[in-house]
Structures are given as structure tokens and as C-alpha cells.
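You will see chain A twice below: alongside chain B first, and alongside chain C after that.
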Partner chain A sequence: MTTATDLPGFADPVLDAQAAFRAVLAALSSPGSIHTVGTGLTPPAPLATATAAVLLALVDGETSLAIATALQPATAWLAFHCGPATAPMTDAGFVLADALPDLTAVDTGSDEVPERAATVILQVATLGSGDRFTLAGPGLQHPTQFAVDGLPADFAARWAANRALYPRGIDLILCAGSRLAALPRSVTVREG
Partner chain B sequence: MSTMEGYNFAYLDEQTKRMIRRALLKAVAIPGHQIPFGSREMPLPYGWGTGGIQVTAAVLGPQDVLKVIDQGADDTTNAVSIRRFFARTAGVATTTDTEAASVIQTRHRIPEKPLREDQIIVYQVPQPEPLSRLEPSRAETRRMHALAEYGLMHVKLYEDITRFGHVAISYDYPVMVNGRHLMAPSPIPAFDNPKMHHMAALQLFGAGREKRLYAIPPYTSVVSLDFDDHPFRTTRAPHACGLCGATDSYLDEVVTDDQGGRLYVCSDTDHCETRREAGHTGSESPLQEAAQ
Partner chain C sequence: MTPHPDTAIAARQSWMAVLARAEANDMAQLLADLPPLPDPVILRGPEVGLVMVRGRIGGGGGPFNLGEMTVTRCTLRAGATVGHASIAGRVPERAILAARIDAGLQDPTLHDSLHTAVIAPLAARQLAARAESAAKAAATRVEFFTLQTMRT
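And then the complex of A and B:
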């Protein structure tokens, strides 16, 4: 019998994790830029390879993870490879979701400890096409176009509410297939 | 690529790297905000760049080319040791050429040559808290950062002006990052502060003893604190480099004899060498003396 835990993690746990981290670092340093990670990974459905690579690189027994219902088939695989503490969404350091959680439903940190705020790993349909947004802020020399399919219709307004919390607020890592992009809390998002 | 037996890639264990990486990602998301991390004991003493080394170890991959500078120089003990440390534990290629490097670890200088988007600069930081000399309590400074209450620093600058006629801070000159967080730029000369503003490269800062790290993403506003009637100004020794003749680089003063002899040379050794290879000469260059 093949169970989810039989599916392997990184082929090279050291260098593959480093490559995945650098992709996330580059994505956060240049909001909206798209990077390829996790090619070769065979995570259990419904995890995308990029999502799996980010989780394998960043999540371990020292972190807490909340998993949205639709992605819970991957729970056993994540428990085996990462071993995170499971936590309710309101307390988790990492939130794995397929739909943008409400800001009030996740930890946005405090003014003194804003880094406690959740990193939301959001699996979306496509990156590079779909709804168009203009991004501006640290990491971007000029306002930059960003297209993504899979964010809620009122995303710009909800992100503005997140931006208003700064330096509190969530950071968003968007994953689709083997591609990822990121929106740090410092970025401003405009529709169009 | 050959690495030492018995060590993980880049020395640190994977658990530690993940912890530092998570902190680095939050640091990039909140430019200039100090984030505590579980600084490990490293095979070199505090004050020799343990923070920078840990950040570099967490970032470094086999495809990276590492440059390490100490006060601008590639050939001083600290720079040579750290470069060899990573050549041995990670097997990465090393260089002294600023342009060829993908990761640059630095102590107290920013290279003269503008950095690119595909480069990362890692600063070694002795004291990450810009308010440490004004407010000894960590709990208190954390609250001041939370409230963006930086009046105390402005008072310090004002007192400098009333006492000396100018702001008497020549290095580690406080900066405001992204218009929100007051940040210690590490003990780089104030001369280098303007290079941080809208730098194309990602800037990471590690303080090993103080167990803090922070970051500035590319193209982020970094403004040196000043007053409208006392604008921030950089200073450099009013000389040309004795070896390459540069009049725009930061200079080191070298005592050459016991007769009061002085030689001013570029602190950035790679910059100076590149200029000399391109044919630039200074008043003290051997070629010049031979010509005379």
C-alpha cells in the first residue's frame, strides 16, 4: 500500500532546500517576480510542487502550521517530512491555504513583534496571467505589473487593509505549479 | 567543488539554517526591523563576524561566488579567514572581484562599485540597536521602534550640533529605512550611507553576539537622519589615492615612517587594483617613481 508518507521529500535535502529558500528570498525581495522551484518533487495531491518546496524548506518542528481543509490530504506527508506543530489558523506561524484567509482569522503580529505575523502560503491557479495588479514599494524600482489567477475579487481592498497594519500584517507566498511569487506586507497593490 | 568531510554544507546544521532563513524572510518583509534569532556558537570569536557568517551560511549555495571584505580590503585576516572558511565548508568559489561576486560579506565598508540586483551584501554588525547608546533597556527600545518614537536620536544629533557645530558621527550613522524604522547601518563610514539608498542589491545584516538580524530589500529608501538647516553630508580625507589617484573613493591613512609620512590609499582594495590595471596612477605608484 502506498501512503502519502511514502512520497519522498527533497532529493537533496540540503541543496534543494537552499535553492527553494533563495527563490522565496528573491521573490520577497522583488515583489511579484516569478521563480521556479521544486521541479522534480512529487508531493501528494493537492499540493503543488512549489508549495511543497516552500514548506519543506521553511517548516519544521520549531514552527506551527495551519492547513486549510481543502489541502488537508497533504497533512500526513507534511507531518512526516516537516513535523510542524499543528495550530489553529489564528495562532499559526505558517498558514497553508487555497483561498486567502480573512485578516482577522490569522496572526498579524504586534507592533513590538511584527515578525510573529503569519506567512500565508497560498496555492493559486496561475501566476503570470489572470487578474492584473500594479505593485509598488520596497524591492521595486518602479511600479510593476503582476498577474495572478486565484485571488479573491476584492483582493486589492483586503491587501490595503493588511498594508494599513504595517509594520504588522501577513506576508503572502503565492504558489502555482512549480512557480512562486511573493507579496511582503510592505508592498502596495493597486488593481489594473 | 571539494568540501571538508564531517561538516554539513556551509558548516551550519539544517535546523539552524531554516531558523535563520525564516528570520531573514521576515526581515526582508519589514525593512530595517531587527529580528531576534538563535545565534549559534561559531568557530571564531564574537566581534569577528559571527552574525555575518551565519547569515552567509544560511544564504549560500554551491553556485554562489563569495567575496569577503574587511574595512574594504580583501586581504586582511578576517576577510581571508572567512573566505577560506566557506571555501572549505561549502566548496564555493571565492573572488576578490566585486563584479564577479554573487554574495559579498562585508565588515565596515560598502564596495565603491555599485552593486547589482543579482548580488547580495551581508553586513557584519556589532551593535544592531541604533538607540543602544541613548537607551540601555532592550524592552524600552523595542517599544520605541514599535511606536516609531525616535525623538531621542534627533535630540542626540541636535546636541552634537550645539556642541560641535555639526553632527559628530563619522561611522554607524543612523538611517531611517522605508520611512519607518530607525536602523544602525553597521559601522560603515557615513561616506557609504548614500550607497544604501535605493541600492539594487539585497542587503542583509547579522549581529551574532546581539542575536539580531535585519534586512533592506533592493530599491528601498534609506535616509540618513539630519535637519533641514544641517543636511547630512559625507566626508572623506581631502586627498587623492596615492596608488590609483582616485579622488572620489573612501581613503585609508597609512603611516609610512616615523617622520610624519602619510600615505592615503583607497580602502576598497579591489576598486584600487581595478583602477591601477586600467592605467590610473597616483603620486606614490611605483610606475610614477620609475618615470621620475
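And then the complex of A and C:
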């Protein structure tokens, strides 16, 4: 039996999850674009509403999830509403983190099945302000400006290492408050 | 079902079993005489799903996947307690009502009145219905002596 928690999930599980899925899809198709999700959601303490909405939409009993230590207090709520299998960070299909995990610490897929690579759901401080980056790649007609507060100082170099693995490599979903943006593995990131 | 060694859990199991078998009308009717239950906050559901039922249907008594049954489950918070219900079939209202009563029964201030006014009569009715159908079945019982010998 799952551990009950006293906070609800989506008010309308079908439509709200579809809306969140749609936002993730749009964010990944147009890297760096910012979308609002999960309004009205009341997730447990360390989780932002966008993080919670993405998890409720993407994670279920057939996916594996690794949760960073700082976000562990949300484990019971996630187990109750999504019931994911917990896995070590190196094997998990989804990684929930509050600091960018090292590339070697997560599953980057294999050349045969690159789609098995982990999707990292990263909770950051703010989207739309902070460190500035220029994004280019599929989905972007022109290089686009992107600002985020909460990524490590050497993010551009670490992302270049991830980009070099293509078609392997992680996809990154950034969540802050009720807003999310995404960096698929195909995007190149330049500082400034 | 074997009762749980923890008496608090065993008690909850027994009233949840009664609620799982109760009709929505019966529950609503019995609740009508009581002060209204606290307003619920739905945490999950009511959602319909399938549960694999296993039973001992062979002569040897080994477990067998009998088939899947439709189940509706609902979890909600009412006041300070969290109520849960899993009922057979697809009647969301019944699951909500059963979960609300389960939440109320866990609240020490409501437990006794709810137990006396709702659970006890429902349990008595279910026991009577069971005894009646058992009596009807017993009247047409056929003894299969060969199978009985095989089983021992």
C-alpha cells in the first residue's frame, strides 16, 4: 500500500496532465521558451509547482525516478500520486534534482538506444533572469537569448560535453515557480 | 482475510471491508441522522482501475489468477484525517462516500457515533444477507465424495 499524504495532485488528472505534457513538448520543441504550468497545484515543501506538474505528467509506475537528497521530502507525495520505481541516479529514466548532476552520474543512453537517456528535471531559482546564454540548434531559427539563475558556473562547458555525446546525452527540463523551460540534447549553449 | 496483528489496523480493516460492500444509498440513508461529515478535499481519484483477483479454485488449493475485476478507489482528506476506499465496480459516488466515512471513523471525536450509526447496522445487514444466500446455497448442496477424498 502506498503512503498517503495530505496534499492533492492535479484537480483534473486527465486535462491537467495533458496541459503539462503539452507545455513540456512545446518547451522541448522550442528550446529556451518559457511556459507556465501547474497553476493551482499545491505540492509539498521543496517542490515548485512547475516541477510537481512535470513529474505528475511524465512519471508513473512504469518509469524510474531518482530524487536528489535536498528534494527527498517530496518522496512520499510522489510515491502516492505517481508511484514511480525508485532507481539509483545512474540508472533512472528521470532524475529530479536541485543542482545539475554530473554527466557521468546519470544515464546518457547508448548508441543503440539513445532514447533511454535520462531526462533531468532541474529545479532552479529563476527563469528569465540571471546568467545569460545564447541557444542555437533544432527548433530555433535564429540563436536565442536565454537567462536562468541556478545553473553551475561552468554550465556552458558541461553542456558542450553533453552535446558532444549526441545522439546520446541528457535532456534538461528547468523549473522555477510555476514556469518551465527545456534544453534538449540537440541544442548548443554559448555563454553571454 | 487474516486480521492484522495491530488491533488499530485490524479495526480499520474490518470497517473498510464493511464500507467496501455497502451500497451508496444505504450509507447515505444511515448518515442522514448524524451531524454532517467534514467537507472533503479530494487527494486522489475517484479513479477506476483493474485488480487481478487470485483465488484457490483448483482441487489442490494453489493460487490461481481468477480474473480482473473493476475497482474504484478514492483518497480524500476530511478535517485532520485521510480516508481511503477501494470498492468493487465503477461508482465514484460510492467510493467518495466510503472514503469520507473512513476518514470520519479515524477521527476520535466522530468514531463512536459513526460506528454505532453506520458501521454496525451495515455489518448486520451484510451478515444477514450472507447468511440468507448461504442458507439458499446449502439447501441445494451436492456432496462430491470423490473430490473430497482427492483433496485430503
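The working rule: the second predicted complex is superposed on the first by the 188 of 192 C-alpha atoms of A that agree within 3 Å, B and C clash if a C-alpha of one lies under 4 Å from a C-alpha of the other, contacts with A are read in each partner's own complex, and residues count from 1 in each chain.
By definition in this document, a contact is a pair of C-beta atoms (placed from the backbone, for glycine too) under 8 Å apart; a residue touches a chain by one contact, two chains touch by 3 or more.
Since the structure is predicted, the reported quantities are computational estimates derived from the model, not experimental observations.
Engineer: Sharing chain A, do chain B and chain C clash or fit in the superposition?
Structural biologist: Once both complexes are aligned on chain A, chain B and chain C fit side by side.
Engineer: Taking the superposition on A as described, I'd like to know which of chain B and chain C A:8 touches: first, second, both or neither.
Structural biologist: second
Engineer: What is the contact status of A:95 with respect to chain B (first) and chain C (second): first, second, both, or neither?
Structural biologist: neither
Engineer: Classify the contacts of A:80 with the two partner chains as first (chain B alone), second (chain C alone), both, or neither.
Structural biologist: Once the two structures are laid over each other on A, A:80 reaches chain C alone.
Engineer: Please work out whether A:171 is in contact with chain B alone, chain C alone, both, or neither, and reply first, second, both or neither.
Structural biologist: Touch partner of A:171: chain B, not chain C.
Engineer: According to the contact criterion defined above, which of chain B and chain C contacts more residues of chain A?
Structural biologist: B
Engineer: Quick one: the Cα-centre angle at chain A between chain B and chain C, nearest 10 degrees, please.
Structural biologist: Rounded to the nearest ten degrees, it is 90.
Engineer: Can A:65 be said to touch chain B (first), chain C (second), both, or neither?
Structural biologist: neither
Engineer: So in the superposed three-chain picture, is A:55 touching just chain B, just chain C, both, or none of them (first/second/both/neither)?
Structural biologist: A:55 contacts neither chain B nor chain C.
Engineer: After lining up the shared chain so the two structures overlap, which partner does A:41 touch, if you call chain B first and chain C second: first, second, both or neither?
Structural biologist: Neither partner.
Engineer: Please state the minimum Cα-Cα separation between chain B and chain C in the superposed model, rounded to the nearest whole Å.
Structural biologist: The answer for the closest chain B-chain C C-alpha pair is 10 Å.
Engineer: Name the residues of chain A shared by its contacts with chain B and its contacts with chain C.
Structural biologist: The overlap between the chain B and chain C interfaces on chain A comprises residues 13.
Engineer: Could you please specify the touching residues of chain A with respect to chain C in the complex?
Structural biologist: That would be residues 4-9, 13, 80-81 of chain A.
Engineer: Once bound in the complex, which stretches of chain C touch chain A?
Structural biologist: Residues of chain C touching chain A: 41-44, 47, 75, 77, 82, 84.
Engineer: Which of the residues in chain B come into contact with chain A in the complex?
Structural biologist: For chain B paired with chain A, touching residues are 8-9, 14-15, 17-19, 21-31, 33, 35, 58-62, 117, 142-143, 145-147, 178, 180-181, 198, 200, 202, 216-221.
Engineer: Where on chain A does chain B make contact in their complex?
Structural biologist: 13-15, 17-19, 21-22, 24-25, 28-30, 57-58, 60, 62-63, 110-112, 114-115, 117, 119, 138-141, 166-167, 171, 184-186
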